[in-house]
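Each in structure tokens, the structures are laid out below.
Shared between the two complexes below is chain A, which has chain B as its partner in the first and chain C in the second.
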Partner chain A sequence: MQPVNILGDKMEIAYYPGCTLKTNAKEFEETAIKVFEKLGIKLKEINKWYCCGTVYSLATDNLMYRLAAIRNLIRAKEEGYDKLVTLCSICYNTLKQTNLMAREDEDAMYKINSFMDEEPDYDGSVEVIHPLQILNEMMDEVKAKVKKPLNKKYAAYYGCLLLRPKEVAIDEYENPSVMERLIEALGGSAVNFPLKNECCGSYNVACNKEAVIDANYRIITNARKNGAEAIVTSCPLCHFNLKEIQKEVKKAYPDFVGLPVYYFTEIMAMAFGVKK
Partner chain B sequence: MKMVRIYIMGKEYRVPEGLTIMKAMEYAGYRYIRGSGCRAGFCGACATVYRKEGEYKLHADLACQTTVEDGMYLVQLPFTPANKAIYDLEKIRVDDKTLVNFYPEIARCVSCNTCTKACPQELDVMDYIQASLRGDVAKAAELSFDCIQCGLCAMRCPAEIAHYHVAQLARRLYGKYIAPRAKHLEKRVKEIEEGRFDKDMKKMMKMSIEELRKLYNARDIEPEEEV
Partner chain C sequence: MNWLLSKVEELSGENLYACYQCGKCSAGCPMANEMDLLPNQVILLVIRGDESVVDAKTPWVCAQCYQCGVRCPKNVDITKIMEALRLIKLRKNIDHIKLEKVKKNLPQIALVSATRKYTG
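Showing the complex of A and B:
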């Protein structure tokens, strides 16, 4: 197999799970580890890690919310890795944006490094990667591993956090295509889906559920109108907002017809014939 | 005798060097009514915070285990206000969310690590809170095993977490639902219930102190059984 550029010559990469992959999204982690193993890549969970902070705080004057992400990056570096992969879109976005700050904002890093005086100084040298960026370079290998082609129509849903802000986007931020190419490589067909980077309503699900119900209705209806038989995502919160509240959407919108929602690693596991 | 200067709640005293903070305060005339227990570093009653002259760091420790140094600024923390969750261990179940449901404030942890720095037992306090947050009860129980509940973590936490109560719930859940049962213990409890030792106990209760002492010194020590 050709080495993947983004990983250099290494076939093992430090893996940061995040809390949700150990609780509500266990199937995401299980399938990811298995399908990457099929592709010859070991996702090695770092020994110590902390909640990423669950969102990249936009309060630029409160550096406390950056500590957890920086600490995780230090742990990865300490264990000898220069790259860190994470599956959850929120963890990815938080770690990636914090790492950019570590590279660009000297004043902030002076404060953070002084505050964390029990840790070695951090300089932004760990690269944060999303697994879709690895797959983007491995579509031929993915195709070669398919045992049961998918034969269905899928809508690739990116949401916000894989694409915005554009500095951390894993793909073309206005019109990404990596998940569509993955779906096609797995033998499925990817439908045109204008709402693929629409926000799912995010944490509004906890305090303003109507907003999420509306977003769910628009997103799923749009996918369905374009012929999708299922939705594919990489974010546990998008997954929750699109999947778990469909009954409530049906109550608010009687014409609503739901769709199954999968993590991209779940459809890979199906196509690879990997048992859950 | 060489004397050192210490400041107790801001007032200067001279005390012999080599005393613990606890003994130094008693030497200076303070009497412990609360905030003192075993005097041996096990009970966690004598939480103390101090600064050293010319140093910005606030130290946290046990007054019975820390020796005074010249120029120390001292105060005792005999009690930590921290709310305890109410639960019936027989009725609750252990899953990913048990700890965060009883102590939702653990989700406020920003990984500042101040709790870890405050711990006189040198536990990885932040790590067990993080394990609790992701539902890893076994890990939280393991990492907090040596906690003596002094409360210093909770006093220092900017997220207002009551770490030691979370840890105690984790250990209780671990003991009740996760740890393998000790078969030899179950066997012994059954033997006790069936009255195997009743006769000997009755006999001993009639013995004099002298006889008991003799019996104790001559006792058999059982070898440890494989579990």
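Showing the complex of A and C:
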């Protein structure tokens, strides 16, 4: 097997699940662990972890919201890992942005380390990576594992938080292609999809559903008109906003035709012939 | 400098005067259709010290998607300016949502992020 640069010589990597992977997005976690095992990589859940707080706080003067993410990074380091992988796009974004802050903002880290006196000091040395960055270097191995090639057309939906802000982008932030290459490696075909990095409305779903219904209509219709038969994503919130409210979208827009929505690890499991 | 502008600059760390009102942020904003003020208009009103912006829908509709910030030719991160406007209210103990009214069948990820963005 070709060495995977992003992992160095290790074939085991610390895995941070986050809250939703243990509940609504269980199928995401289950398929991810299985397909990475097929590729010879063990996602080892860290022994202790806390909700990262989801969306990254942007206030300049409040460091409290950084603590949960820092604690998770310390847990990974304590267990001897220098890299941490997480599946959920929001967890990825928050852990990654927090870690960049830990590397760049000495004053903030001095305050945080002093405040968390019970913890060892943290310096940003754990690297946060997304599984798609690992797969990006393993397309040949992925191809070799395919037993039942996907024969459908898929739209790769990235949303926001894998790509922006650009400091944390897992790929070219205006025109990413890693998921398209994955779809093709699995035997499917990836359609052109200009709304692939447009926001699904995110947490608006809690109190301004109309905004999410409109975004869903725009995004799915755009994918369908470009020939997609299904949508592939990496975020449990995008997944919910695109999939679970399709009935309500149909009510608001009678011409709406929905599409199935999958996590990228689910289509990998299908193509690898891995049972759920 | 008016209090609103200095507060927004302090909370966001952004220089609003850098904005030359090209509108690129608003052109790419996926939530613009749901807004009562476009992102570039928000900047203008804050610079003018127009306090009505604090009660506008726009900061609450903003989904923190970072599209405006990555596209701004002047490196103004409006995402952070929207957060500053939300914080001005939240820190006065004025929550944007009543948690007991939020539907319970939402995934944690939606509930936690809505709590983070809409309550103080």
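Going forward, the second predicted complex is superposed on the first by the 276 of 276 C-alpha atoms of A that agree within 3 Å, B and C clash if a C-alpha of one lies under 4 Å from a C-alpha of the other, contacts with A are read in each partner's own complex, and residues count from 1 in each chain.
As a working rule, a contact is a pair of C-beta atoms (placed from the backbone, for glycine too) under 8 Å apart; a residue touches a chain by one contact, two chains touch by 3 or more.
Worth saying up front: this structure is predicted, and the values here are computed from it rather than measured.
Asks: Answer with first, second, both or neither: which of chain B and chain C does A:L237 touch in the superposed model?
Replies: After superposition on chain A, A:L237 lies in contact with chain C alone.
Asks: Examine A:E118 and indicate which partner it touches, taking first as chain B and second as chain C; both and neither are also allowed.
Replies: A:E118: touches chain B, not chain C.
Asks: When both complexes are superposed, which of chain B and chain C contacts more residues belonging to chain A?
Replies: Higher number of touched chain A residues: C.
Asks: Looking at the overlay, what does A:C51 touch: chain B (first), chain C (second), both, or neither?
Replies: both
Asks: Just to be sure I read the superposition right, which of the two partners does A:C88 touch: chain B = first, chain C = second, or both, or neither?
Replies: Only chain C; A:C88 stays clear of chain B.
Asks: On the A-aligned overlay, A:T23 touches which partner chain: chain B = first, chain C = second, or both, or neither?
Replies: both
Asks: So, does A:G201 touch the first partner chain B, the second partner chain C, both, or neither?
Replies: So A:G201 only meets chain C here.
Asks: Looking at the overlay, does A:T60 come into contact with chain B only (first), chain C only (second), both, or neither?
Replies: Touch status of A:T60: second partner only.
Asks: Enumerate the residues of chain A that count as touching chain B in its complex and touching chain C in the other.
Replies: Correct list for chain A: 19, 23-24, 51, 53, 65.
Asks: For the complex, which residues does chain C have touching chain A?
Replies: Chain C reaches chain A through residues 10-13, 30-31, 33-34, 60-61, 63-67, 69-70, 77, 79-80, 83-84, 87, 96-97, 101-103, 106-114, 116-118.
Asks: Mind pulling up the chain A residues that touch chain B in the complex?
Replies: Residues 19, 22-24, 48-51, 53, 64-65, 67-68, 71, 115-116, 118.
Asks: Can you tell me which positions in chain B touch chain A when the two form their complex?
Replies: Residues 96-97, 107, 109-113, 116-117, 126-127, 130, 133-136, 158.
Asks: Where on chain A does chain C make contact in their complex?
Replies: Of all residues in chain A, those touching chain C are 18-20, 23-25, 51, 53-61, 65, 88, 90, 160, 164-166, 173-174, 197-199, 201-208, 210-211, 214-215, 236-237, 240.
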